[in-house]
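Here's the structure we're looking at; comments come further down.
Letters A, B, C and D name the chains as they come in the text, with residue numbers starting at 1 for each one.
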Amino acid sequence: MALLDLFLVVGIIAGVYSLLAIGMNMHWGDTGLLNFAHAAFFAVGAYTSAILTTPTPEAGLLAERTVGFDLPVVVGIVAGTVLAAVLGFVIATTSVRLEGDYLAMVTLSSAELVRLVIHNEAWLTTGAQTLKNIPRPMESTVATLPVSYDVFYFLLVWALVGATYLLFERMSNGPFGRVLHAIRENDDVALALGKDVTQFKLKSFAIGAGVAGLAGTLWAHYVYAISPVMFLPSITFLIWAAVIIGGAGSYAGAIVGAVVIVFLRQVTRFIPGSVPFSDQMSYLRLMLVGVVLVAVLYYRPEGLLGNAERLQAGTSEGE
Amino acid sequence: MTEGEMTEGEMTEGEMTEGGSSGGSSSDPIPVGTLAPFSQGLGWVGPNAARGRDVALQSINEELVLGREVEINEQDTETTPQAAVSGFTTLDQAGVVAMLGPSSSVIPNLFQPISDAGLPTLSVSAGTIQMNDVGGPDAYLWRTVPSDSIAGRAQGQYALDQGFESMAVSYKDDKGSQSFSASVADYFTGQGGSQVADVPLAIETDSYRSEVQEIVDSEPDVISMTAGTEVSALFMQNYIEAGADIPLFLGNDVLTPDFIERVGADVMAESPVFGQAPAPGPAFDQFEQRHRDLHGEAPGTFGAAGYDAMNLIALAAVRGGAADRETITQNINPVARPDGTEVSTFADGKSELEAGNEINYQGASNPQDFNEFGDPVGPFAVLEVSDASWAELTTFSADELTT
Amino acid sequence: MVLDPQFIWNGIVVGSIISVSALGLTLIFGILNFINIAYGDYMATGAYLAFALNAQIGLPLGVAIVAGVAGMAAGAVLIDKLVFEHFRTSSPVTLLIVSIGVAFFIRNLIRAIWGPTGNFYDVPIEANPNLFGVRYSVEQLSIIVASLLLLTAVYVLLRRTRIGIAMRAASDDRTLTRIRGVDTERLVLYVWIAGGAIAGLGGIMLGLDAQIRPNMGFTALIPIFAATILGGIGDPKGAVAGGFAIGILQEVSVVVVPSEYKFAVALAALIVGLLLRPDGLFGEATR
Amino acid sequence: MTLLSVDGIRKTFGGIVAVEDVSFDVDRNEIVGVIGPNGAGKSTTFRLLTGFHTPDAGTVEFDGEDVTDHSPDARARSGMIRTFQIAQELTGMPVMQNMLLAAQGHPGERAVTSALGIGGTSAFEADQRDRAEELLKLLELWELRDEYAGNLSGGQRKLLELGRSLMADPDLLLLDEPMAGVNPDLTDRLLERILELRDQRDMTFLFVEHDIDAVMRVADTVVGMHNGAVLSMGSPEEVQSDDRMLEAYLGGEV
C-alpha cells in the first residue's frame, strides 16, 4: 500500500507536469513560439485559485493578506485557467510580431516580473509567506468513499490530462492546428494565404498559458500551501526539457517527457545517502537533465515520440 | 540498487502490518528520516543539521535503541515544497518511525501530511511564528529551535535596555526573515520604541547600497537586520562601505565563526554589531567537542538542533519501549519534562530510563522544554564580536522572555 | 526633488558591468546567430574561477582575474568543441535550447563544487572614500576603467584589424563572408574566445562589486537582454549604449520605484524599446 | 474593367530609392508581366503589391478598394494571392495539408470549432478535399498527396505552390518569378496551365519575371522596369521593340 501511495503522489506531480508540457507543446511544438514564462502561468493559476477559494485570513503579525473570497474550488480552477490565458495573451502582444528571440527574452523577463509581484504584493498573495489552508476539492465527500484522497486526486488529475490531451490532439490535427503548423514553418506563407498570423499566435499563446494555469490550480489545491519559491524559472526549463525529450509537436510525447522527468527525479531519491556525492544529488540530477537535453537534441532531435520523417522533410533544404 | 532499496521498504512495511509491534525483530535497524534542505536556497541548513545529528547517532548506535541500530534515510527538500512533498512521501513509504529536519519554507505544506501519516516530526530550523500555534503531540510536530517571537523579544529588550528609542527594521525578503523581523518590531514598538523604517532586502540582487542609504536616512538609534548568511554578508559589506556606525543587530542564522571570517574579523569587531542566539544549551560544550572530533570542525548553525532532535527521538523510543510512530509521538514530551533527572547525552538518558527513572533531556541548542505547541522555551544570549568569535554580553532567562 | 549624484555614480558602475556583458552576448549573437542562454553562467564561471584562485588558493587578485578571464575564454572554446560545434547547421532555436541544457549543466556544476551560497573575493571591506558627496570604492573605479579599456579595445578590434572586419562582415551576412573566402570556423573560434573572455570579465566585475553566487549570471541576464535589445540585437555599439542606459535608469529609479521593483525597470525599458524601436537604438538593418 | 490599380508608388530604403512613381493598371482576365533587369525594382514592386512592404507614397487599389495599408493576409483574404520566387511549400506538412491550408474562410480554423469539430467544420473540410483532389490530379501530384512536401522535387514544388494558390480561389494571382530555376519543359506546362486557367476560371494574373521569352508568350500587357521606374509599357511586341528596354537589359547584364 505504501508504495502505491508514493506512486500516487509522484503520479499526481507527473500529471500536473504533463499539463504544463501540453501547454508548452502548443506553443513550441505546434506554433514554434519560444515561451519562457511557463512558470509564471503556472503561478498565476495557482495563486488565483488559492486567493479565490480561501477566506480572508485573520489579521496577525504576518498574515498581511487582506483579500480572500472563500468561493467554491471549481470557480477558482476556472478563474485561474482564464487569468493565466489572459496573462499569456498580454505578454505575447508585446513581442509576438517580432522574431522568436525577442519573444524568448521578453517572456523570460516577464516571468520574473510576475514572481516579483507575487513576492512583494503581500496584501494579495501573502508575499514571501506561505499562502496556507488552500481547500482540497470534495474532501469531505471523498472521505466517505472507500478510497484515499490521493486515489481520487490522481484520477481527477489524469482525467483532466486525458481530456486536455484529446482536445489538444483534435485542435492540433484540425484546421486550426494546420494554420499553427504553417506558422511554425513559415510565417510568410501563412500570411500570403490570408491567415492572420498575429491572431493565431496570440490564441496559441493564450491557450497554452491557460493549460499551464489549470495545472497551477490543480497543484495549489493538492499541496495545501503555496509560496513564490515554488515557481522559479527552473520549472520552465524542466518543462522545455520534457517537451524536447518527448518530441516537440507530439502531445503524447509531451506527456511521456513530463512523466520521464518527474520519475527520473523520484528514482534518484532511492539512492542511499552514503554514496559519494550524495550531498550534491540535487545538483547532479539537474546536470543530468542538461546532458539528456543536449544528447536528445543531438542523437534523437525528434524526441521519443516525435515524427522523424516530418523533421527530416522539414530540414531537407538545409535551412 | 534502486530495486534493493524498494524491497527493503516493502519488507519494513510488511513487518509493521503483520506484527503490530515493531520491537519484534531485534536485528533490523530502526529507520529514521531526515527531510531537510540540502540544496537551493537553504541548502546550507541540511548539511549543518545532518552533521549535528550524526554526532548523536554515533553514540546512539554504540548504545543501541531497544537493541537495534538507527538507520537514517535522508531526503532533500531542495527548499521547495514540490520536492518536500515527494521527499516526505518517500520517507513515509520507506516506513520511517520519526523524522527530523524540515525548514520553514516547506513546513506549511507538510502540516496536514504529517498528521495524516501520524509521523512524528521535529523541525530543526523553523523559527517562523507561523508555527507558534501549531504543534505538539496531537499534531505530531515539534521544533528544537525556539520561535522567532522569543528571539525577537530578546533583541527588542536588549535594544530598549540600551536606551535606543527608534529602530529601523530590515530583513531578507523571505519567509523566515520576515517572521523574525516582525517579532522584533512588534515587541520593540509594543514596549514604547518607535519604528522608523521598514526595508525589505530583495533576495537576488547585486547590492543593497540604496537600501542601506534609506536606512541611514531614517536616522534610527539602532538597526535590526535579519537575513541568512548570503544577504547578511552583502548587507554588511554595503553598510561598512557607507561608513555607517549605527548599532546593528543581526539575525540568528549568522552568529557563526564562519560569518565573522567571511566579512572580516577586524571590521566585525570595530563595527557596533550585535546578535542574539538561544543561549547554548547545557550540553553544548560537550556536543561541540564531539562534533570537532567527528567532523574536524565546529558545529554550524542548527547543528545542535539536529543533535537534540535525534537524541529526543531515540530517547522517546527507549522510554516507550517500542520504535513505532505512535510510541515516539507519545514520549517526546515525557523525556524532556522538567521534573525528571537531568541528562544531556543519549547514554545517560538510556541508563536512567532503564533504571526506571524519568528524565529531563537538556539539549545542546537549548534545554528543550516544550510548551503545548511543541515549541521549546529557553534563555537567550546577546552577543558581540571580539577576538574573531561571538562573545556573550548578557543573557535573558526563559522567564524574562515568556512573561 | 534633487537627484542624489550617488545614484548616478552607482548607475555608471552597474552600467559598465551590463555594457561589458551585453557586448559579449551580442558579439556571439552576431556571428553565431543564436541567443546563448548559458551566457550568464559563463559569467558566473569566470567569477568562480577567479574566486578559487584568489580566495581559495591565495593568488593576488590581479593574477586571479587574468587567469579567470583566460580560463573562461578557454572554457567557451571547450564548450563549443564539446557541444555547440555539433549543432553548427541547426536552426538558431535549436541552438538556443541546446544552450539551456548547457546552462543547466554549468550552473549546477558550480553549485556542486562551490555550494549554493555566496562568496566574496579576498578584498578588504572598509568604509569608502567620499568625493563631493559621492562614495566610491577602488573596485568600482577599477570596474569603470576596465570596462572603458575593454570597450575601446573591442572597438579598435572591430574597426582596424583584419579579423575584426571579417567579424563584422560575418555578422552582417555569413554566407557572403564564406563566399569571399573568410574561414568561418576560425572566426567562430575567435568569437568564442572573445565572447568567453568578455563574459568572464563581466562576471568578475559583478562579483567584485557585489558577491559571487551560482545564480549571479542568470539574474544578470535580464538587464543584459534589455541592453542588447535596446541596442539592437547583434549591434556592439548599441549594446554598450543600451548597457549604460539600463544601468543608470535602474539605479536612479529607486528614487521613484520601490527598490524591490528595481529590476522591473529593465523589463519596462525592454518592452518599451521593443514596441517603439524594434531594431534598436541605432536603428536599422541589424537583422 | 480595372481589377488592380497601382498609382505612383514609391519606396526607399535608408535613403536609397528602390521604387519611384510606379503606376499601372491590371484589367480583369488579363495577364500582365512585369520585367526588367536585376535591380530594376521588380521584387520591391511585387512586395508593395502584396503588402509585404508598405509604400512611402502612392496607392494600391484592388477591386475598387484602397488596400495600400492592408496587411498581406488581409489582401490575400480579399482575393489577391501570391506565390514565392523560391517555392515556399511547407516542407514538414504533407502535400494534401499544404493544399487544405489555402482554403479561405474555413470555419474550423477557430480553436474551439477545431477542437470540438463543430460549426460545419467537417462538411467544409470534405468539400475542400474534393477541390484539392481535382487540382492535384490536374497538376499530376495526386499520387504524392500524403508525401511530405519537403520530399518533392523542385518542379513538383513549383506545381504544388501553384496548386495551393489556386485552392484559395483568387481573383488575382500574383506570381513571383514563376519560371526561375525551372526547366524548359516545365516552363511550357506552367504557361499552358496559366492560359487555361485564365480562360476556364476567369482569373487574372500578374507576374514578375526575369525570363523575357516566357513573358512574351503569354502576357497581354508588359510593364518594363529599370532603376526603380517604369520605362516602357504596352503589348509584348511594343515593349520588346523599345530601344530603351534593350539598353537597360544590356547595361544591367554587365
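Basically, contacts are C-beta pairs under 8 Å (C-beta built on N, C-alpha and C of every residue); 3 or more make two chains touch, one makes a residue touch a chain.
The structure displayed is predicted, hence computed values, not measured ones.
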Exercise. If every step must land on a chain the current one touches, say how few steps get you from chain B to chain D.
Key: 2
Self-check item: Farthest chain relative to chain A (centres taken as mean CA coordinates)
Solution: D
Practice problem: If you tally contacting C-beta pairs, which comes out ahead, A-D or B-C? Let me know. | Solution: A-D
Exercise. Measure off the straight-line distance from the CA centroid of chain B to the CA centroid of chain C, and report it in whole Å.
Key: 40
Self-check item: Gap in Å, rounded to a whole number, between the CA centres of chain D and chain A
Solution: 42
Quiz item: Between chain A and chain C, what is the gap in Å from one C-alpha centre to the other?
Solution: 30
Quiz item: Taking each chain's centre as the mean of its CA atoms, how far is chain A from chain B in angstrom?
Solution: 34
Practice problem: Would you pick out the residues of chain C that each touch at least 2 other chains? | Solution: 111, 260, 263
Quiz item: Touching two or more other chains, which residues of chain B qualify?
Solution: 39-41, 173, 200
Exercise. Note the residues in chain A that touch 2 or more other chains, in rising order.
Key: 119-120, 280, 283
Quiz item: chain A touches which residues of chain D in the complex?
Solution: 50, 52, 71-74, 76-77, 81-84, 88, 90-93, 97, 100-104, 106, 108-111, 113-117, 121, 125, 148-151, 164, 168
Quiz item: Given the complex with chain C, which residues does chain A contribute to the contact?
Solution: 32, 34, 94-95, 98-102, 104-106, 108-110, 112-113, 116, 119-120, 233, 237, 240-241, 244, 277, 280, 283-284, 286-287, 289-294, 297-298, 301, 318-319
Quiz item: Across the complex, what residues on chain A touch chain B?
Solution: 1-3, 5-6, 9-10, 13, 61-62, 119-120, 127-130, 132, 223-227, 229-230, 232, 265-267, 269-273, 278-283
Practice problem: Under the touch definition given earlier, write down the residues of chain C that touch chain A in their complex. | Solution: 34-35, 83, 86-87, 89-94, 96-98, 100-105, 107-109, 111-112, 218, 221-222, 225-226, 228-229, 233, 258, 260-261, 263-264, 266-267, 270-271, 274-275, 278, 287
Self-check item: Parts of chain B lying in touch with chain A, wherever the complex brings them together
Solution: 1-2, 5-6, 9-10, 13, 38-41, 47, 72-76, 78-83, 85-87, 89-90, 92-93, 95, 105, 108-109, 111-112, 129-130, 173-175, 178-179, 182-183, 186, 200
